[in-house]
């Protein structure tokens, strides 16, 4: 369990002080996949860097399994760190080592024999689709390839905690998906705790159980992903979930129109024509104002914003109908949000 | 106009040769916003780096307004380059200069007076939301902030051609949107040509007019964004547009079920409950298998994949109905895609 | 102790200290600083040429010219300083008007130090990331602008710490100035310590040299750190 | 010309060349290489300490200790080589068994060169990006592992080119070895060439020195380039 | 460095004896000549004041010569059987040339250190004034007191410091520059400086730690005179370098002595 308690981090520069984190409290249970989202410069990287003490909090404490990291000696800290790996926003590959050796690096640190390390590294490179680049140096790789080497490296030692700082930012959707599957897989099989910073909301929807929204160094909101994505209450969360703003939709809304957010959280709804049934069975015409959904197998993921005519009555019927299906959450969105 | 003709680029390393580009032909008209997408390692960066000769093609030619860049002297090349700016995948900020000076850099190069350069740089920093970071050094910025400085720098000199290599990869959706708006704005006002490499399909949908899909160093497909996104014909394009694969949807499809892709390209459809009307008016139950749409003002953008029961007849009706609305394109998706 | 302070050794050292050291300190600092200055003025551009001029560099120069520069640097680095000092006498005479004395040392010191400075500069400049240079190239910056606005500014911390190494080395060489009738602390240390076994005088001279080096080094290290903006400072 | 080749100067030079140069070349190379080797063996760890030991470094050491190292380096860098040669005579005697001769030069040369090597190493090591070091730290690497697996490997090209600078400088110093009865090309150039006006001998010795420096430099530059994996090679 | 002798050097049965000798032209030759005088070696015919260890023709004691810088000889004495050391260095190193040396050069004036000028300037008034000052009794006394036998004045009839044949008033305010070795030459000149100062003549002393440049700068006219060498060295220099420097006066001699290092007496050379 990772407990971040009252953490504040202040950067002092010559002519200014930046409070990158103010009084942050977050608890991440073991085996969780925890998302951290927020605007650029919100303090996400700083927060995650506090988890492995790359950044020492100005005040507050960070505890892993009850041990306060701030109080540890360098040696004890190293022991803990060897179980916490990080995928850096800037990759941070060793420029003078080829891909294989980059992936071998943490293995060698943890005392794995050379031959075994190479074997494992080669496997990992295959997993991230770079088997043929084993002998290439970072300068000879594309941006996404470098990122995948960094991912392979972070996974090499089967860490207990994996910190991902924009681990898939340089990857195309297909590769992103395969990497996310890989991470989800490891999370399930080995029960490792994963902390994910990302700007891609679909990454959060896809693999995170919990999410915290950081805004100007503070936690604006945290909780289960489905809940927060279905009903973001803070302005910060709304901004992230609806970057185009929901006001456009609500403003044009007629008197008796209501806006409803429907969240599919792996609902077995992939084969049910919800909107069509709503229209035919209840006579309610739902217009899709915004949608980001996908079906994986029989399950549906993502969310939609519907605008529904027909006043209060239609609204209630819609909400009842939607909420009756398991793993679907439907809620009205306040007009002046 | 940028004409890339039969460009091939081979990287030779000690123990392998990588053909990063093979016989690429692309024409980018003046004032266009041209997207380049493809899997990680496909050759996108290499291609864009050929446009400003950071990478010399092994064979083939790159022409800007009829001038073959490969044949130019260093001096002539410099003259052209001063009108072509690039936002690098790795930002490439000057580590010893603060943000303001980083943005001033290209201005000073093009001979703008110090005071004027500073003024312009400060304006640009404000545009990208970093007015308060003018005096900070790159090492004191978050990843996204660094990227925004790089963007401001690229826009500083009002270039004729702007090359963006994953220019918004490190940005949250809100910031991404404001940057995209900025770029779209400049494109419209000043008529500059923009070439955009991105992994975010919604970026392509949002600002690109044309798109080329690069796959293993070759152009798999190119054309108008709406066309290609509506009906990707190459495997590479399909993979990008439907990263989760469309097979999941089509496989489970019943005998008389058809899969239809609907693309909204700024259609005035934001307030029309299409699916509901289809159900009520035509008795066709469309199930949304995949959706990524948004309404901006009255206009709808994005695409949906619908599965429609009721056999051939229902399919034809659906296509007719959808295609009758301007700026909506609907097409059947082949089952074994 | 009181014995020591009234001993003839002490009196003699004190006498030398009073009469010779003020000039010697001044001569040492002045010769070292000026020679290093000229060495950098000549060596830095050469270092730049070595880096930018090579195949695939920012501004490739003809390979024979590059080879020539390399050879000249190597040749000057190979000639023992003593011999160099003598060989450049005609040049010294032409520039300074005389071949003897403290000021005359500036010429051989500069000639001995600039190839060294060039190599140090080369080593610093090579550390600038190729992608940063690429960025500047992509903006149509001329080689000159790339050098003055990117290559040198980006390697300033490393250049400063290498300049510190250079000035200390020049200081060491300047001790040999006695050969052509020059002065300075090094000469005093050698003349009294080496030739006359007056170790007290030598030790004082050496201590002063140490203080000067310490000063140069502290200023250099401080400047190098101050100018380095790459480091995260919490 | 045929005149020249049968002139007594030429005969004499040829005689010296035949009898003395083979040994002298060998002595020069051997003293230079061994001294540089020891200088690096001592200097590199010190350079590492200077970088890793400072406040905020990978493994901070007590500030007085760091200051002490800095002082020792500065002190040794301040003492003119001529004087250093004499001061270390007791040490030389203890290590080599004698204070005179070619082998005996290794001690003062090493002592003069290791502080120089330390500064050069420091300058190279500082160029390793802090975020790379952070990465290693985040993986729980011990300071020792960071040094051996990251800090040094990542700066290998720069270390090699600085080692080349060091070996050339040592070669220059070794010319003074004649003072304590050492041999080598430098001694021949100075003692036979300069002090006995046999300029032909001096020129031959200097040319051989140039060739040796050229060799060291070429090998160094080549190695530095070969080992540098940061450069994009098309 | 370890120039072993030629000649009988092949007799390996003999324990070799190491002798450190100065490595500069004249002192090396003087050392070898001293050994020849004592009958320990024989030099090749014609090897004179420029002899080096390579010129040893006959070496019955299988002597290994270690050529070391003259000033360093006292320091390396412990490492060799014997060393041949200039008296001025010996005395500075707390060796007494009279008591401690096992053999010493006679105070033969062949190696007397001279005041030298460029040919043609011998009769310049200012040079004459300088010469008179150096040949003064004050200087001779200084040498006697200060160097205690390691440096010996070779001036026959010390003057009062001034030359009656010249008009000192015309020299008033002028200066003369002399290149000198630091010790003892520059120290001796310091006394002359005092003497000349009384006539308002400035003596500028430029110290050189080198044996070639002082002649070069006199030849080039940058400096008026020098005082660091003896006649045989000057003759050789003139011959080798085509220079025209002449002696105007011989001032002092520094005899070379043979000192015991590992050996305490001359038995090893018997």
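Letters are used for the chains, namely A, B, C, D and E, taken in the order the chains are written, and counting of residues starts over at 1 for each.
We take it that a residue touches a chain if its C-beta (ideal position, glycine included) is under 8 Å from a C-beta of that chain, and two chains touch if they have at least 3 such contacts.
Nothing here was measured: the structure is a model prediction, and the numbers come from that model.
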item	value
Mutual neighbours - chains that touch chain A and chain C alike	B, D
Leading chain pair when contacts are tallied as C-beta pairs	A-B
Whole-Å gap between the CA centroids of chain B and chain C	53
Chain A and chain B: spacing of chain centres that average the CA atoms, whole Å	24
Separation of mean Cα positions, chain E and chain A [Å, integer]	88
Whole-Å gap between the CA centroids of chain C and chain E	35
Multi-chain contact sites of chain E, meaning residues that touch two or more partners	212
Numbers and ranges of chain B residues touching at least 2 other chains	11, 13, 90, 139-140
Multi-partner residues of chain C (each touching 2 or more other chains)	86, 129-130, 157, 176, 190, 194, 230-233
Chain A contact footprint on chain B (complex, rising order)	11, 13, 15-16, 18, 37-41, 44-46, 89-90, 129, 132, 135-136, 140-145, 147-148, 165-166, 169-177, 199-201, 239-240, 243-244, 248-249, 252, 270-280, 283-298, 302, 304, 307, 309
In the complex with chain A, residue positions of chain D that touch it	59, 129, 131-132, 134-142, 145, 149-150, 153-154, 156-157, 227-233
For the chain E and chain D complex, residues of the former touching the latter	1-2, 20, 23-25, 50, 52, 66-69, 72, 75-76, 78-80, 211-212, 237, 240-241
In the complex, chain C residues that touch chain D	70-71, 74-75, 77-83, 86, 116, 119-120, 122-124, 126-127, 129-130, 157-158, 161-162, 164-165, 168-169, 171-172, 175-176, 186, 189-190, 193-194, 202, 206, 209-210, 212-214, 217, 224, 230-232
Contact set on chain E toward chain C in their complex	71, 74, 89, 92-94, 179, 182-183, 206-210, 212-213, 216-217, 220, 222-223
